[in-house]
Amino acid sequence: MTPAVGKKATGLIAATFTPLTPEGEINLAEIGPYVDYLLEQQGVKSIFVNGTTGEGMSLTVEERKMLAAEWCSKAKNKLENVIVHVGCMSLKDSQELAQHAGEIGADGIAVISPSFFKPATVGALKMFLQEVAAVVPAVPFYYYHIPAMTGVHLRSRDVLEGIDAEIPSFRGLKFSGSDLMDFGQCVSYSPSHWSLLYGMDEQLLGALAMGANGAVGSTYNYLGSSVNRLISAFNKGDLTMARTLQFQVQDILCYAMDCGFDLAVNKQLMSEVSGLVLGPPRLPLLPCPQSKAVSIARKLKQVLGVQ
Amino acid sequence: MTPAVGKKATGLIAATFTPLTPEGEINLAEIGPYVDYLLEQQGVKSIFVNGTTGEGMSLTVEERKMLAAEWCSKAKNKLENVIVHVGCMSLKDSQELAQHAGEIGADGIAVISPSFFKPATVGALKMFLQEVAAVVPAVPFYYYHIPAMTGVHLRSRDVLEGIDAEIPSFRGLKFSGSDLMDFGQCVSYSPSHWSLLYGMDEQLLGALAMGANGAVGSTYNYLGSSVNRLISAFNKGDLTMARTLQFQVQDILCYAMDCGFDLAVNKQLMSEVSGLVLGPPRLPLLPCPQSKAVSIARKLKQVLGVQ
Amino acid sequence: MTPAVGKKATGLIAATFTPLTPEGEINLAEIGPYVDYLLEQQGVKSIFVNGTTGEGMSLTVEERKMLAAEWCSKAKNKLENVIVHVGCMSLKDSQELAQHAGEIGADGIAVISPSFFKPATVGALKMFLQEVAAVVPAVPFYYYHIPAMTGVHLRSRDVLEGIDAEIPSFRGLKFSGSDLMDFGQCVSYSPSHWSLLYGMDEQLLGALAMGANGAVGSTYNYLGSSVNRLISAFNKGDLTMARTLQFQVQDILCYAMDCGFDLAVNKQLMSEVSGLVLGPPRLPLLPCPQSKAVSIARKLKQVLGVQ
Amino acid sequence: MTPAVGKKATGLIAATFTPLTPEGEINLAEIGPYVDYLLEQQGVKSIFVNGTTGEGMSLTVEERKMLAAEWCSKAKNKLENVIVHVGCMSLKDSQELAQHAGEIGADGIAVISPSFFKPATVGALKMFLQEVAAVVPAVPFYYYHIPAMTGVHLRSRDVLEGIDAEIPSFRGLKFSGSDLMDFGQCVSYSPSHWSLLYGMDEQLLGALAMGANGAVGSTYNYLGSSVNRLISAFNKGDLTMARTLQFQVQDILCYAMDCGFDLAVNKQLMSEVSGLVLGPPRLPLLPCPQSKAVSIARKLKQVLGVQ
């Protein structure tokens, strides 16, 4: 069984936050409205769930299954692509999540490198990825590269070498790093049915120049509309406009960083901007003081010129 | 209910490897002989299970429970202390393991800092630890500090500040770092019922001088007998002998490092030295070529003067 | 006295190697031919001397003066811009070199952050820069940001804040980092008479998209002709061609890196490609085996399709 | 000509600060009183000049010569050992300083690894050291290992391998790192005429247990008297007393670190405690607010129980 060839992940893909109740339990009820918000308010048609932004590593296997199922269910007939991140520290847990993602009809699975024990070589990493992918050979597979979080600095280009043969379901890469030589080499090596997705929202324009097919990021939850315009401008050859829009994103993120931007702040910011009730993060992340998120949201509106 | 006060963890504590079958499944049958080996061949009376050496992070929650239960069962009436490591990336998983450790009669639980999402402050880390400890208030609690693995460089001394009130079951620290100022400050601050356990086997002597109460490490699986003599010499004031024994340990480890020492090699080395059949590591660790372990085992015997 | 406003550094700027005799002494005789080679064979009209590529930090103050004088002399009426790097660990040495650069008619001076003692704050770094610039207020001043070499990770954008008032001769930035958000923010902030020069040759295209005015790098010594075409293609809106040329540069550099690419190899490679006799590097760099440089030169010719 | 064999560097060696005038120029007049203070108030009989504490890298070659000459002159017939640090980024500068140190009768020279360009291998580092040592073959030579400052993490034990043959004047090591396995292996390998000097004052006790012959550090400028008692206690086998004294040093340094301890603060602290007028640091270090040094000095007196 071969994965459908035609459905290539492109454009903006929101890395979704995980809605929690004030008590810190999974809040499935917020997921339906979340999907509608992305589609209607941000023009975002694809999502990447249970990843870094979704606090996947802080969730239990059961919680991740519940979430993945609900995202797939609510996205059905609305969104184009639901990629479920199934990476864990434990290979067995990853395999269980991959199996489940296949059962619930996910459009793809993604796997990050384990980071407590780090693969010593590209070969070790690829064996890990292969063991997960093999569980669901018909589900499109994406490798998720994010060295600043994992401490795994193996070149993605080396991971891609010959991966077609090892993981026939391989369909692409979420590249969340600033090394555009490695990214460019991945673009240069990729056949046309792969998606090379860039994951550092603050410098997407550089990756588009290098040939990115799309982007996965947390800020597309609330800046999707703006970044969709950036991509359009870039595709039309209007680099001046694309740059202006990229600088706006940077202005907002620099302001946020100066305020102490982390995932907890990011999540609270999304609540502020969207009106969705996403709740607190889970420990070891500490809740963000609301005033901080309000202040960043105000900056965002000011920079974008919206009220 | 207060934890028993009298049973203070001291001396050598072996951080146990996890026996796997050739197919990579948990091999409970090897645990009984393992306990006997430590006691009879190495004079080691305490163990730390499912930690870094035990590949805890690569195991599922269910596997960790099975292992913890078997270690407690086989150690009963034989060993003095079984400390079960219950740290996970997910607080909920850690709580579930803590609950289980209490039910099976573990002598203590230990928790490492989560390392995918890293606590930004000492306060965040302590809230995480507290939430785990609170599940089993009668079980002695140990904090496990190992910055080279976690990337969490918060000072242990700051973690200890006022922890008695926050975690009444707090009983000590496994300190696997080279910062002996931080370690010394922990010793200096600790009441007599805490155990300050040092975790870098290659420089234990420095930590003993600084006031360590004991040591937790992987090499005590196969060098316990030798390091027991090191501790005796130190306690008798015979620094020359203690130093000679410490240098032997270093000679062996340097040789191993030059061969490419990692947890997989370490595990295979234990199989070679002990005759136990511990099996391969789990991905992302790659199995060690047997010849490498044989070569290190030969060096070990040569340095220790055993045949 | 104000620096001439009209002469803005743009396009490619070769970071020159320092020619040494086989005995390791400065070889001034090679500098004239070097200038001609850059101009005639590579179409490169500006140079950055005594910087990282030029092993500036391994030279004495007197050697740096001799070199700077010779480069300025030989470049006269031939090249557009000679920027002399005058950064040192010692402020006094930097000031002496700045004074000298002014005397010999350098078109600009550049200063790197000191890196043994690292400035703790942006303010400390700016005071250092200011003390150097003040010695020659009429000479255009560039700040040289290269965190991977210096370990100084202060944001360039923060360094630029208000720098016009503090250093009236400030004219731009050599940004040798992969953080395109910081670079983009510098572009966004810069008045039109500043030059924002990018310094990671392997991902120049990303920086051009972000608005770079030019590029400073070691590979422009031997890939200048090719990268000039890249810039032309980019300026004409032909991103496909620009990308193809960028990927060629990456192919060559990846091959070199897999061979063990460092400054010594880079220098020997330039000798191979150009026919100039640049000699060995100075300790602590070790000479590159010639076979390695030959092999990389062959790859370069193959990728570029030249014989 | 062979270096005198009998004069082995042992005990405490103060890494001296460099006295500057308020305008930032060398203040030679303070050096005589400085020598007397160390000898009379702290019982410190050896010094290490122009090193990290002395801001050697921020000084010009001429300034370093002036300072070295004055220290040697004022120490004559008073101190036991004056070791002049001659390490620079430039090999030629180091050689010039080594030559000068020999001429002024220094008891030894020390060389740090260059750190802008870092030696890629132990062999490259040793060639650099050898080229400096060869200039003054009769002057005892010390290698200065301080990876946190240089970023050079090559094992000292590997540097020592066979160094007797390569540098006949080799006499020892200033080891400013926390890796006591590497340090222990150096001790274990060293012939009796080498001095293994430890450089992290806050954990000296651990290094004494491992076999250190002495210690070089900045805090011995003002804590020498106290640490001399620590060493005496250790030598008499009174570990309890040694530990108490080590904990005092740690208490003071932890307090200082919480205040933001850097070399500038350290220098101002010495002025406060000693009454010497050492002046400001040089850029890129910023002067320490006096109130901060006063506060740390007060803590110091409180911990040591002096008024």
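General remarks:
We call the chains A, B, C and D, going by the order they appear; numbering starts again at 1 in every chain.
To be clear about the criterion, a contact is a pair of C-beta atoms (placed from the backbone, for glycine too) under 8 Å apart; a residue touches a chain by one contact, two chains touch by 3 or more.
From a predicted model like this one, the values you see are computed outputs, not experimental measurements.
Listing every chain that touches chain B and chain D alike gives an empty result. Of all the chains, the one whose CA centre sits at the greatest distance from that of chain B is C.
Chain centres here are Cα means. That of chain B falls 50 Å from that of chain C. Measuring from the averaged C-alpha position of chain C to that of chain D gives a distance of 36 Å.
Of all residues in chain A, none touches 2 or more other chains. Pairs of chains meeting the touch criterion: A-B, A-C, B-D, C-D. On the side of chain B, the complex with chain D involves touching residues 157, 178-181, 184-185, 187-188, 200, 202-203, 205-211, 237, 239, 242-243, 246-247, 250-251, 253-254. Across the complex, chain A is touched by residues 55, 57-61, 63, 89-93, 96, 113-121, 123-125, 127-128, 131, 149-151, 262-263, 282-286 of chain B.
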